[in-house]
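One chain, chain A, links the two complexes that follow: it is found with chain B in the first and with chain C in the second.
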Partner chain A sequence: MNYTFHWLPAFRALPDMLWGALVTLEIAVLSMVLGVLFATLLAVGASSKYRVFRAAAVSWVELARNTPALFQIYMAYFGLGSLGIHLDSFVALLAGITFNNAGYLAETFRGGLRAVPQTQLRAARSLGMGQIQAFRLVMMPQMFRIVFYPMTNQMVWAILMTSLGVIVGLNNDLTGVTQEYNVRSFRTFEYFALAAVIYYLLAKLVTGSARLLAWRLFRY
Partner chain B sequence: MSIEIQDVHKAFGSLEVVKGVTMTVEKGEVVSIIGGSGSGKSTLLMCINGLEPINEGRILVDGTDVHGRGTDLNKLRRKIGIVFQQWNAFPHLTVLENVMLAPRKVLGRSKAEAEAIAVDKLARVGLSEKLKVFPSKLSGGQQQRMAIARALAMSPDYMLFDEVTSALDPQLVGEVLDTMRSLSAEGMTMIVVTHEIAFAREVSNRVAFFHKGRIHEIGPPAQVIGAPREPETIDFLKSVL
Partner chain C sequence: MFSSLFETTFSFNDLMFMLKGAGVTLMLTFWAVLGGTLLGVVFGVVRAVSPWWVNAPLGAVLDVFRSIPLLIQLVVANSFKTIIGIHWSPFTVGCVVLALYMSAYCTEIVRSGFLAVPTTTRRAARSLGLTWRQDLTEIVFPIALRVALPSWIGLTLGVMKDTAMVWWIGVVELLRSSQVIVTRIHEPLFVLTIAGLIYFLMSFPIARLGARLEKRWREND
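What follows is the complex of A and B.
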């Protein structure tokens, strides 16, 4: 092995990479917010009495969970592009990850809802609460606790998935910035090792804050 | 002021579990329902507060048809408290919050009012020491007493008890029965589905023996439990006493 490590250029790139990390976090957060919204619709849709909604929800979940995330992002950019729908890199990546998140989260939510016993709903209704009130005050808080950690995992997964943006030409997220430096200097190992450390810290930040939040929220 | 049950039939699919039950429970009365499992007694309770729909007949609570088209069940349920076999504590709320929830959200009481009500009701069932505790830290008997306090916090006119001691360890049954005994002493109107025959005999004005979805025998406890006339009642009492 006659490779000489040069860490200095990588550290010089650090401020730009940290700005990239912010974009990464932005995409991940947006994809989670949108993912939760769509997942809720999917979870409701999957138990709808209309076949169209059921079929649409089930197909979404099946595709999202059983095809590579890379393909889902590729389709959002190049696939839709060939149909004449041109999304920019940021939007395509966001759409791809949101699609993926929603698929996984829909199953998480469905499981969470089933895990809260129906007798809880019955007890709430027996006290004079309406359906929506009982759901909001009694079912939702319990369901939230059940889906909290799976949601945290999905958030970490979303952060890591943003690195796939590089294949659809995204150049201002952490991987994009890293790649830009890499092609100029070919210090691949140093740049990507540093980027990996930043991804690692981002992921740890998410799980750490989640644990702290859980400790505050779930007192029982 | 009464609960009138008129020729009620209730089926789950093709299985009819309540086959034409008629009885009236007057305000201030304690009526116990005894009978084997599957005799339809718990189902009837669920029908009284509209948690289960019925197939035929009708149930009037203070003249309001429970299963009538325009009936506001949420409003009606405020005056019918029910306590279940599985106590169904809300696990994410403390004991105090469990009892405060419905007064606040259903009756629209202020936080202070709801808390005062809850503290009072929890004192009644002997849980003053447990206000800030989560249900998971309570014994079954304590959780069941909390469930009673939670129902009482709505100031109901009627209380329904659905085998509330059946899921409890034997040594915890007494504390729950004591709570119910004091309620009946205060004149609460109660329908009590129970396997505690001695308790039924002691607190009830009338006892109804359910058999195969029908009331087989009904009358004062001294008669139905003390001197049953029907062979099925005699057999049942023999098996549980």
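What follows is the complex of A and C.
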């Protein structure tokens, strides 16, 4: 082995990479918020009585779950580009991940909806609650409990997926910044190993705070 | 704009090139799933039966593979291979990284399958005179398989889709081959649609099979 490690340039790049990590987190959070919104619509749409809505929801979910995330981001960036819709790489990445998140979360939500027995709703109604009240006070809390853990997983997934932005030319997220430094000095291993550590800490930050939140929220 | 969808310079050879890429995707998937499953079964059983001082460190190490983007893992492994001077092709590096990546997920699936077998069932087996080995092969394995197989199918499909990232270290698989054609004929939407269709055709039937298995086994419970 005749390779000398140069960690110093990598540590000099650390502040920039941490700013990149902030962008990564920003994209992940945005894609999750939008993903939850779309997923709710999809979950409702999949059980709609109109065929059009059902077909649209089902094809979104199946397409999101059966093609690679990278392909979906490519479609948003290059594919839509040839239809004359030019998204910059940030928006394309966000759109791709949101599409993916929504597809996976829709299935999670559907499972959550089904897991709460309908008798609960009827019991709440017979206690004198209105339909909306029963849904909000009885069904929702139980559903949230079930979907919380898969949602945390999806959030970690979203963070990991943001690394794909570099392939469509994003240069200010964590991987993008790392790659910028890498092409200047070719200290590939050092830069990317450091990026790996930061990603690991980000993922742990998410799971850790989710656990804390769950502990606060879900005790009787 | 839309006319480019119908008047295409996409040729039969281009399609063959993409199908060859799809073949590479399948080969990558095959080796990754084979390696990942073997490792995953070993680690999963070890995690299920070992005391905490083996279980916890093993779990922590495997967790690393699930907390770092695959793209970064590939780049780090690829440059590390150069540093220590092993001459592996990018394809081999891709297979190894994907196999490790899969093993991390597979371990959890195997472990939860193993732990899903009630202790009482195993005690009953032992008290009927089955040996420890028989208990494992005749009781634990069939029950755990039912619990684990649907998730395992899902994981396999996940790995198949994740092989798309391997082109970053220089393997020409399905997505990369479609990219090559896009740069030549400049019809990204059309070519990508075909690529997506191929992915979908490779993934969807197996996904359906998994869903059906899961449903059928749940009904028979």
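Structural remarks
The rule is simple: the second predicted complex is superposed on the first by the 219 of 220 C-alpha atoms of A that agree within 3 Å, B and C clash if a C-alpha of one lies under 4 Å from a C-alpha of the other, contacts with A are read in each partner's own complex, and residues count from 1 in each chain.
The definition used in the following text is that contacts are C-beta pairs under 8 Å (C-beta built on N, C-alpha and C of every residue); 3 or more make two chains touch, one makes a residue touch a chain.
Here the structure is a predicted model, which is why all the values come from computation and not from measurement.
When the two complexes are overlaid on chain A, chain B and chain C sit side by side with no clash.
Touch criterion not met for A:113: it reaches neither chain B nor chain C. Looking at the superposed arrangement, the partner reaching more residues of chain A, out of chain B and chain C, is C. Legend: residue contacts after superposition of the two complexes on their common chain; A:69 is shown touching chain C, with no touch to chain B. In the superposition on chain A, A:203 makes contact with chain C only, not with chain B.
When the two complexes are overlaid on their common chain A, residue A:175 makes contact with chain C while staying clear of chain B. Of the two partner chains placed by superposition, only chain C is touched by A:189; chain B is not. Of the two partner chains, chain C is the only one touched by A:3; chain B is not. Angle at chain A between chain B and chain C, computed from CA centres in the superposed arrangement: 100 degrees, to the nearest 10.
Our summary of the superposed model lists a minimum C-alpha distance of 22 Å between chain B and chain C.
When both complexes are aligned on chain A by C-alpha atoms, no chain A residue touches chain B in the first and chain C in the second.
Contacts from chain C toward chain A in the complex involve residues 1-2, 4, 64, 66-73, 75-76, 78-80, 83-85, 157, 161-165, 168, 175, 179, 182, 187-190, 192-193, 195-196, 199-200, 203-204, 207. Those residues of chain A that touch chain C in the shared complex are 1, 3, 62-63, 65-71, 74-75, 78-84, 156, 159-164, 166-167, 175, 188-189, 192-193, 195-196, 199-200, 203-204. Those residues of chain B that touch chain A in the complex are listed here as 49, 51, 74-75, 77-78, 81-82, 84, 86, 88, 90-92, 101-102, 105-107, 134-136, 147, 150-151, 154. Only residues 119-120, 122-130, 133, 137-138, 141-142, 145, 218-220 of chain A touch chain B when the two sit together in their complex.
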